[in-house]
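Pasting in a structure now, in structure tokens, and then I'll have a few things to ask.
Residue numbering begins at 1 within each chain, and the chains themselves are lettered A, B and C in the order written.
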Amino acid sequence: MPLTQISIRKGSKTETQKRTLFNEIYLSMRETIDVPEDDRFMTLTEYATEDFDFGRHYMNIARSDDLILIRLTVSNTRSADQKQALFKRIADGLVRELGVRPEDVFISLVETNPENWSFGHGIAQYAEKALPT
Amino acid sequence: MPLTQISIRKGSKTETQKRTLFNEIYLSMRETIDVPEDDRFMTLTEYATEDFDFGRHYMNIARSDDLILIRLTVSNTRSADQKQALFKRIADGLVRELGVRPEDVFISLVETNPENWSFGHGIAQYAEKALPT
Amino acid sequence: MPLTQISIRKGSKTETQKRTLFNEIYLSMRETIDVPEDDRFMTLTEYATEDFDFGRHYMNIARSDDLILIRLTVSNTRSADQKQALFKRIADGLVRELGVRPEDVFISLVETNPENWSFGHGIAQYAEKALPT
């Protein structure tokens, strides 16, 4: 169910690196917040310099043009601990597999009700599960 | 007030089909969740294969390259029943009017407070309505 | 922490105007909702006519092709008054500095928990602050 939107600078990642990026974020969700197999829905957009604005020093974190901005939408069923584990796992994975600087991993999480998802056929699959049958 | 973000594969829809897509989503919201006339704000983005990653079998739903990923942001004033009616109406409409496979309609809904919208002039119109005058 | 996504018509703003747009939104957040210095994370996307659909008269507000659609994601720590001040400040700033019509400023705000942000290093910085040390 997680929906992932990735924003990077134009030309900062190769096709292979993008593939790795998708895979690492998916694996991170699998390992920390109980995301089922094949539950991956992600888009990536590249921005020209003039269309991508970010604070290079906010919180004394030195960001570079390699900044990866990750927006996640997930159901509101995780604990604060799980979310912290997710953030750590994503950053660790991108550092290890892509050579990204840990300063360049920005994550924003938006939570929604489980009933707010339809994975096909116009059915709210997670709501259906909660209903008596 | 709904804000709609649509993601598709590059080249998978003609200009006419995009127009139909916008119209069907708008009509679905009109008919199921009390969206007023002309309240339509939507963007559509096409993604190259390397920038669009999705599970082709999650929940045993067989998705194809025609996948339409729809993100909706709406006020948090609808019942679960209304949201389920919305999902069904969108999928039915896209199947009927665009020949889309029902497996290829993915919807994610994010809800916000009514006071969180400004439709122009820097005014939070829905908050204003709630205030004593 | 605010994450800002701006949508405009293709070619409706120059590079200099985009810079002003980013700056005015940032300054508006600084002045009305206590956003810290350098806390700015924004992307801008231009849409072809066929990919950008909006109601030209919703709420009797006459929108033009210069419409600026602004999506903000912020922590859920602001009052309704602060959010109204933010909307007003953004519209006033864009009118004053860019010559935008006030009818053409659309804002949608999504709120999340403070613990839902990681600004780097895989740490949920706002959650950490709330924890005993």
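In the analysis below, a residue touches a chain if its C-beta (ideal position, glycine included) is under 8 Å from a C-beta of that chain, and two chains touch if they have at least 3 such contacts.
Every value quoted in this text rests on a predicted model; they were computed, and no experiment measured them.
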Copies chain B and chain C - rotation angle from C-alpha fit, nearest 5 degrees: 120
Classification of the chain A:chain C interface as same or different, half of numbers criterion: different
CA centroid of chain A to CA centroid of chain C, Å: 21
Where chain A touches two or more other chains at once, by residue number: 45, 110
Touch list for chain B against partner chain C, complex: 1, 3, 15, 18-19, 22, 26, 36-46, 73, 110, 112-113, 115-125, 127
In the complex, chain B residues that touch chain A: 7, 45, 47, 50-59, 61, 63, 69, 71, 80, 83-84, 87-92, 102-111
